[in-house]
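The data blocks that follow each hold one structure.
One chain, chain A, links the two complexes that follow: it is found with chain B in the first and with chain C in the second.
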Partner chain A sequence: MIIIGEKINGTRKKVSAAIQERDSDFIQALAKSQAEAGSHFLDVNAGTSPEREADDMAWLVDTIQAVTELPLCLDSANPKALKAGLERVDKTPVINSVSGEKPRIEGVLPLALEYKTGLILLALDDETGIAGTAAGRMAVVHRLVNMAREGGLKEDQLFVDPLVTAISTGDKNALITYDSIRAVREAYPQAHITCGLSNISFGMPLRSLINQTFMCMCIYLGLDSAIIDPNNRDLTGVMLAAEMLMGRDKFCQNFSRAYRAGRIGPKKNS
Partner chain B sequence: MTELNDLFTAVADMQEDTAMELTRKYLDKGVPAVEVFECYQSALEEIGRRFEQQIYFIPELIMSGEMMKASAEILKPYLADQAKDDAEGQKKLGRILIATVEGDIHDIGKNIVSMLMDLNGLEVKDIGVDVPADKIIAEARAFGADVIGLSGLLTLAFDPMKAVVEKLAEQGLRDQIKVLIGGGQMDERVCEYVGADAFVTDAVHGVNYVKGWLGESVQS
Partner chain C sequence: MIIIGEKINGTRKKVSAAIQERDSDFIQALAKSQAEAGSHFLDVNAGTSPEREADDMAWLVDTIQAVTELPLCLDSANPKALKAGLERVDKTPVINSVSGEKPRIEGVLPLALEYKTGLILLALDDETGIAGTAAGRMAVVHRLVNMAREGGLKEDQLFVDPLVTAISTGDKNALITYDSIRAVREAYPQAHITCGLSNISFGMPLRSLINQTFMCMCIYLGLDSAIIDPNNRDLTGVMLAAEMLMGRDKFCQNFSRAYRAGRIGPKKNS
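For the complex of A and B:
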């Protein structure tokens, strides 16, 4: 599983305050703890107003790279902010994200092609929004994958997000995501599939129980990346167990190593 | 009303089949349709309270909407030859225009709000997602809206919301129309920035605000 650590996100109150006050200790602590927990990318979302987002993004990238070598996932719809990040990154990042919406195709996609970055593709557009069927979502995915490949990106640089809508608002909503994951896996075997999993439990009690169960089912169908809080040991434990049970963990070493390092399972009294 | 206790309980406890059965039974027995309708309204308020107490969650809100729709089908013919006007009177609490602002296409929250406003006796006009400020105001004017509900999930939605409020003021409509903003990112700071009258992060609170505003103006 490719884990994209989600915590450096300016739409969270504490992170937003740290960005405003240029509190590098706070941001660096978040970066380090997510790196230690096994992230492969760190999501960076300044979440601030358009006029200051580029400055904030530049500061975040510099601040994070001072303490970790992990590649970043630049999270913005604002081309100026993305550009500010792209000019500073040490390693090839992933851009989060392009969709079938016109401003993103015109503003975000060209940057991904120019800098040859990884790219998250969201299965929605401005005509239908989020389609209520897997076929509708796949129509957008096909269009986006074609544009990205024609622009020179390789299939394995693409992270398709088939999208997750809340189970509380429609009891078949998880099924749409399953069908989409299956269809993406079949059409683009090299592409990665990622999701913001926690949308599934919006409006429900016991959200983490729902999130974990849902993640398992998605992994079974081909999900191989997730945008999550890597410090959530319950979620990480379920993820590693599911990967192992899918035959993707040689001699169960990822699972065992995480156990020995104390990253999963009940906390030991030290 | 007291004799409808079992209907109230069935609706509030999400026992759809029992509720429909009881609805038919009471109408057959000659209980005025308006009384049955009022029973549903108070059960709906109870459901809202349970949502606020986190006993119920979004599925219950949506299911209560389905029950209201199903009961309306049963009630309709009775209302036609009984006190239809009375029931219609219930519907005149006020008018709310609802939209997701320009640049944002999220609609799940907005749709739940539209449904609940409608169930709570408001006349609702939902004009969809990604709607420019000028169109929102033109539609609100034509509809005679008392309240404009602006939805948006992204931080990108703040500026378009602010634009709606500013344009309302420019056109001299600001003191006639209340503005409610809703979405996961809303808080006091955003509300102040946008210049809205209130912000909410869930549908039930939204309904409470609007009923409070319109209740005042209807009585005065």
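For the complex of A and C:
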């Protein structure tokens, strides 16, 4: 699983305050703790007003790269902010994200093609929003994958997000995501698949339980990436168990090591 | 999911003592608590020496049926004990279990056919024990299903157990069970599929986490029955979440009701 650490997100109050106060200690602590917890990318979302966003993104990228060598996931719909980040990154980043919506295709996609970045593709467009069938979502995915490949990106640079809608608003909603994941895996075997897993439990009690159960099933079907809090012990535990149970953990070493390092399981001495 | 409550099992020390002392209060409390927790069948295993087992099984059946109307799952390899139970049950029971082993085919299968009971079929035989491939296990399953059907049992009376071996002894072991479950579901769409889930985590730390993750994946593939402790809140929570996420919980009512009734989720006031 490719873990994209989600915590440096300016839509969170404390992060937003740290960005505005240029509190590099706070941001760097988030970067380091997510790196130590096993992230492969760090999401960077400045989450501020369009006027400030490019400056804030530039400061965030510099600040984070001062303490970690992890590649970044530049999270914005604003081409200026993305450009500011792209000019500063040390390693090839992922751009989060393009969709079938016109402003994203015209503003975000060209940057991904110019800088040859990784790219998250959301299965929604202006016309229908999020389609209520896997076929509808796949129509958008096919269009986006074609544009990305014609522009020179390789299939394994793409992270397809088939989208997740709340089970509380439709009791077949998880099935639509399952069918979409299967369809993406079949059509694009080299592409990564990522999801905003926690949307599934919106409006329900016991959200963590539902999120973890949903993640298991998605991993079975081919999900190989997630934007999550890598310090969430429960989610990490389920993820490592799921990988092990898919036969991808030789001699169960990753799981056992994470346990011995105290990264999963009930917290000790607390 | 068809829950077979596992707790009345004479291989457990306290249960064994209760059977020998004819402590009906203890046994009946186990029966009632498992019934209240949503069991569909109660497993009954006298777990004693062959000389005592028939008497003990008879007493257990009478004792349990005095406090619950649930059908029973008569758990023995001993034809005399099974016969003693079969002559006393009020409702059609399940017999646990037959396999490709000669004594089971000669001693247990005829009773299931005579009494037209439900029947658990284990995918192992004398020749190879537990086969290391799904194809090997399915060869046994096909043979057992054919014998059961030729003897008059219907497909939906059969509970196929494709068997689970420890991930610690082979990092592809879960995959063998997955492939077997898929094969059973395809070959026998009306048959139930059940598993001794907890075998998967033998020899590993964090066994509950591994068991729950494994159960999610098995339910996705078609597992529709399990012999478990129905009072295990965590396992029940994962099971209800998994059923909901498979689109089988209309308006998420079962999950929500179980939550409101305090049957799943962190314990309150404790």
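As a convention for this text, the second predicted complex is superposed on the first by the 269 of 270 C-alpha atoms of A that agree within 3 Å, B and C clash if a C-alpha of one lies under 4 Å from a C-alpha of the other, contacts with A are read in each partner's own complex, and residues count from 1 in each chain.
Heads up, the rule we're going with is that a contact is a pair of C-beta atoms (placed from the backbone, for glycine too) under 8 Å apart; a residue touches a chain by one contact, two chains touch by 3 or more.
Note that the coordinates shown come from a computational prediction; the quantities given were computed from them, not determined experimentally.
Which holds for A:172: it touches chain B only (first), chain C only (second), both, or neither?
second
Quick one: classify A:251 as touching chain B (first), chain C (second), both or neither.
It touches chain C, and chain B stays clear.
State whether A:148 touches chain B only (first), chain C only (second), both chains, or neither.
A:148: touches no partner chain.
Quick check on the superposed pair: does A:11 touch chain B, chain C, both, or neither? Answer first, second, both or neither.
Once the two structures are laid over each other on A, A:11 reaches chain B alone.
Which partner chains sit in contact with A:216 here, chain B, chain C, both or neither? Use first/second/both/neither.
A:216 sits against chain C, while chain B stays out of touch.
In this superposed model, does chain C or chain B come into contact with more residues of chain A?
C
Considering only touches as defined above, state whether A:124 meets chain B (first), chain C (second), both or neither.
So A:124 only meets chain B here.
After lining up the shared chain so the two structures overlap, which partner does A:49 touch, if you call chain B first and chain C second: first, second, both or neither?
Only chain B is touched by A:49; chain C is not.
Could you say whether A:3 touches chain B, chain C, both of them, or neither, answering first, second, both or neither?
neither
Under the stated touch criterion, which partner chain does A:81 make contact with: chain B (first), chain C (second), both, or neither?
Neither partner.
If I apply the document's touch criterion, which positions on chain A are contacted by chain B in one structure and by chain C in the other?
Residues 168, 171, 204-205, which sit in both footprints.
Inside the complex, what are the residues of chain C that reach chain A?
167-168, 171-172, 174-175, 178, 200, 204-206, 209-210, 212-214, 216-217, 220-221, 237-238, 241-242, 244-247, 249-252, 255-256, 259, 264-265
Which residues, counting only chain A, touch chain B once they are in their complex?
It is residues 10-11, 47-50, 77, 101, 124, 126, 129-130, 165-166, 168-169, 171, 202-205 of chain A that touch chain B.
Enumerate the contact residues on chain B facing chain A in the complex.
So the residues of chain B touching chain A come out as 54, 57-59, 62, 105-108, 111-112, 129-130, 155-156, 158-159, 185.
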